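Take this structure, written in structure tokens, and hold onto it; I'll ask about it next.
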Amino acid sequence: MSSQGLFATITDDLFAAFLEFVGTTIFLLFALGGVQAVTAEAQSTPNTVSNIERILYISLCFGFSLAVSAWLFFRVTGGLFNPNVSLALFICGVIGPVRFVLYCIAQLVGSIAAAALVLALTPGPLASNTILGPGINAAQGVFIEMFVTAALVLSVLMLAAEKHQSTPFAPLGIGLTLFVAELWSVYYTGGSLNTARAFGPAVVTGFPDGHHWVYWVGPFLGSLLASLFYAILKQ
Amino acid sequence: MSSQGLFATITDDLFAAFLEFVGTTIFLLFALGGVQAVTAEAQSTPNTVSNIERILYISLCFGFSLAVSAWLFFRVTGGLFNPNVSLALFICGVIGPVRFVLYCIAQLVGSIAAAALVLALTPGPLASNTILGPGINAAQGVFIEMFVTAALVLSVLMLAAEKHQSTPFAPLGIGLTLFVAELWSVYYTGGSLNTARAFGPAVVTGFPDGHHWVYWVGPFLGSLLASLFYAILKQ
Amino acid sequence: MSSQGLFATITDDLFAAFLEFVGTTIFLLFALGGVQAVTAEAQSTPNTVSNIERILYISLCFGFSLAVSAWLFFRVTGGLFNPNVSLALFICGVIGPVRFVLYCIAQLVGSIAAAALVLALTPGPLASNTILGPGINAAQGVFIEMFVTAALVLSVLMLAAEKHQSTPFAPLGIGLTLFVAELWSVYYTGGSLNTARAFGPAVVTGFPDGHHWVYWVGPFLGSLLASLFYAILKQ
Amino acid sequence: MSSQGLFATITDDLFAAFLEFVGTTIFLLFALGGVQAVTAEAQSTPNTVSNIERILYISLCFGFSLAVSAWLFFRVTGGLFNPNVSLALFICGVIGPVRFVLYCIAQLVGSIAAAALVLALTPGPLASNTILGPGINAAQGVFIEMFVTAALVLSVLMLAAEKHQSTPFAPLGIGLTLFVAELWSVYYTGGSLNTARAFGPAVVTGFPDGHHWVYWVGPFLGSLLASLFYAILKQ
């Protein structure tokens, strides 16, 4: 820390946060746009017989949208696009407190921007709110979100924060982790793994679901769990 | 620029344009061929219940066809196969004006060749025109094409034009970007992201759709947007 | 072997086994969770018309869950998550007898933990037991499991145990091998390729199927077959 | 060529051919096994509504089975598994005449072995013969097979025969090329791209289809076309 204290690198931090905002908007514009498309397709079919292909489609949208948008921004700002990942990097000392706060704001605002763009560019109401699936109670939702977020955060810590031969390909590994996590969690919790991803559509649609807090608590706990495990591993 | 002026490297430029023609033909022969196959399959089924798998199929065709054909030609001509990408590389100074014009011609002609080959080799009319989806007006179509093309162009600039450790794998990243963009845009605009891709089938089928201009304006704006953002980033 | 004999590295071995336990739990939590989700989706649809998308979904869950969880743990413990792979590495001299036994225990217990977590976090009974498909007798089941496990084990030996330029990407190759193996074997045997994967859900559900022994004998023979072929290759 | 003439390296050649036999058997055991599974699944469903997911499934089986089996054998024998690829490598001088003949024999026999194994291990008749699709005449079949095989062969020449930074990952690029080619050609010609792949199941089932010659002529022409283009490129 320089003599100017916490804000010594504020120009760099602000530029990095601007790029996080752009990157999060790209990531979620594509992912939420895909959800919008697949939902419109499903509704235009009178007697849909299976939900499986819809969930596979959504998992592909999120996983590969994260993979490519993180690939683009990886060497510039890290390409986190997720406040829960930001928290883990702050806990592990990769980023400082000012950058952490700026990243979280940029990521939440980027998500709102992406949701608003999808709403403006496509017909029909926004279809991408995360809700709990059939038969899932709030506690189960919190723990599912906790486990899948922990795996995603661990993936960032092990593949990107660590430096090794396959580090340049970390975005692909992180995107595939999200893909696999979505295959499990979309059906049960909507597969947020990212408070920003749940927050943006909720803001644009006026918080229609009473369980929105699940997507703050679950990913937050997952971030702590992954940071703790990483600390044990690094001892 | 040597003393011979713009045309000093005309032999190299012509050979590169010839390879762009071949590469664009391969890229679109496979992608449009896949669209032809999936459309024939969908029509042979009396009571199709879902359109989702058809759109996923088309997205896979375009994304992975670009990934592999760009991989083949990457070290030779760059493997752009897209006049909007050519424009961005011209704006950013990666290619000169002569090569830019030759590339655009090669790419547009390559697309016509691919569409004609698919028509000749398969039964039924050509099924690969890009049209606006249900409930999408022309302005929305332009902006969706603009955003997805901007992401594709940015992907080329960040992964291939920039030199770094994962540059040899840029074709995979660029192909996956197209895949994700298609998952969002096929349903709404047909997912062109490439004026050549829309132009070839339109020529072969006699421009049946009045909104063909959308696929010139949208990707053109996307190319400008990505070039602008890249210029800001590089300052 | 140091003067302290077999247990000279017991601290390292125990820590590695602990990580194998965590890694196996993550691998199977995601894979079995995906099976649980897709089965619940299939049951909620009254007139399912095709089983194909369900099997593709399961293959993607297992293949990519192994790819990403092995990627995370690859540089730490190897990321085997499979007693049959452990056996082959023991036969080929990559790991010693103490680590082999500890790994097997960690992997079997990790599978039980994953199955129990899926049961606790989702509604309905556990849906991930491996059973023989329609028209498959026990001998066919054993030989299918033998061949697919042999390919998976060979993949670990050739891509990860061997050191070469693409070794850092071995987890992706190994995960894709499991993906392809699942595309063939899920329909016929449930696609275990891993005694731990079959054992965990069977313990949690009380061994409802009389053919559970198939998933011990088949993968065991596959491990021997791959080790033998590898020994011939290395001569 | 040493003083012993063509057969100077016969021991190496025979061992390489033995590995080609094993590799081709693995590649096609998985791919034909997947076709067998998906066909059995499709037949067990009374009112199948769509063929699209079946063709996607088959494309994934072939593409990724080639990717992983070529990855395993890449550094040992090259992992061709295809007489048409062998021919191109012979024309381009990468392999000699003795090895070319031995490879072709090994690949054809490997395909028969794979088809026989699938027949023995699964119920029902073998389902993996390549036949011309609805409305496709023999000439169209020959030219489709020619174009897709040319792309596959070109992929081997550009990614694996050429030495560059992404050469260690050639198997993935080649496998993805086959995947994309299958997305186009499975519906129209069964997607052989490989005389061995068509020959094995045809031998096991007694050549039930009168158009089997298409899968000798088409891929052969494709191999010539790709070799010619590669020669122009290398001048």
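Worth pointing out:
Residue numbering begins at 1 within each chain, and the chains themselves are lettered A, B, C and D in the order written.
Convention: a residue touches a chain if its C-beta (ideal position, glycine included) is under 8 Å from a C-beta of that chain, and two chains touch if they have at least 3 such contacts.
This is a predicted model, so every value here is computed, not measured.
Taken over every residue number at the interface, the positions common to chain A and chain B amount to under half, indicating a different-residue contact. It takes 90 degrees of rotation, in steps of 5, to superpose the Cα atoms of chain B onto those of chain D. Each chain gets a centre from the mean of its Cα atoms; the one farthest from the centre of chain A is D.
Computed centre separation for the pair chain C/chain D is 29 angstrom, with centres defined by C-alpha atoms. For the pair chain A and chain D, the distance between C-alpha centroids works out to 40 Å.
Of all residues in chain D, those that touch two or more other chains are 49-50, 53, 56, 169.
All chain pairs in contact, by the document's touch criterion: A-B, A-C, B-D, C-D.
Interface of chain B with chain A (complex): residues 49-53, 55-56, 134-136, 140, 143-144, 147-148, 151, 154-155, 158-159, 162, 164-166, 169, 173, 176-177, 179-181, 183-188, 229, 233. Taken in their complex, chain C has these residues touching chain A: 19, 22, 26, 29-30, 33-34, 36-38, 40-42, 44-45, 47-50, 53-54, 56-57, 60-61, 64-65, 67-69, 71-73, 75-76, 117, 120-124, 168-169.
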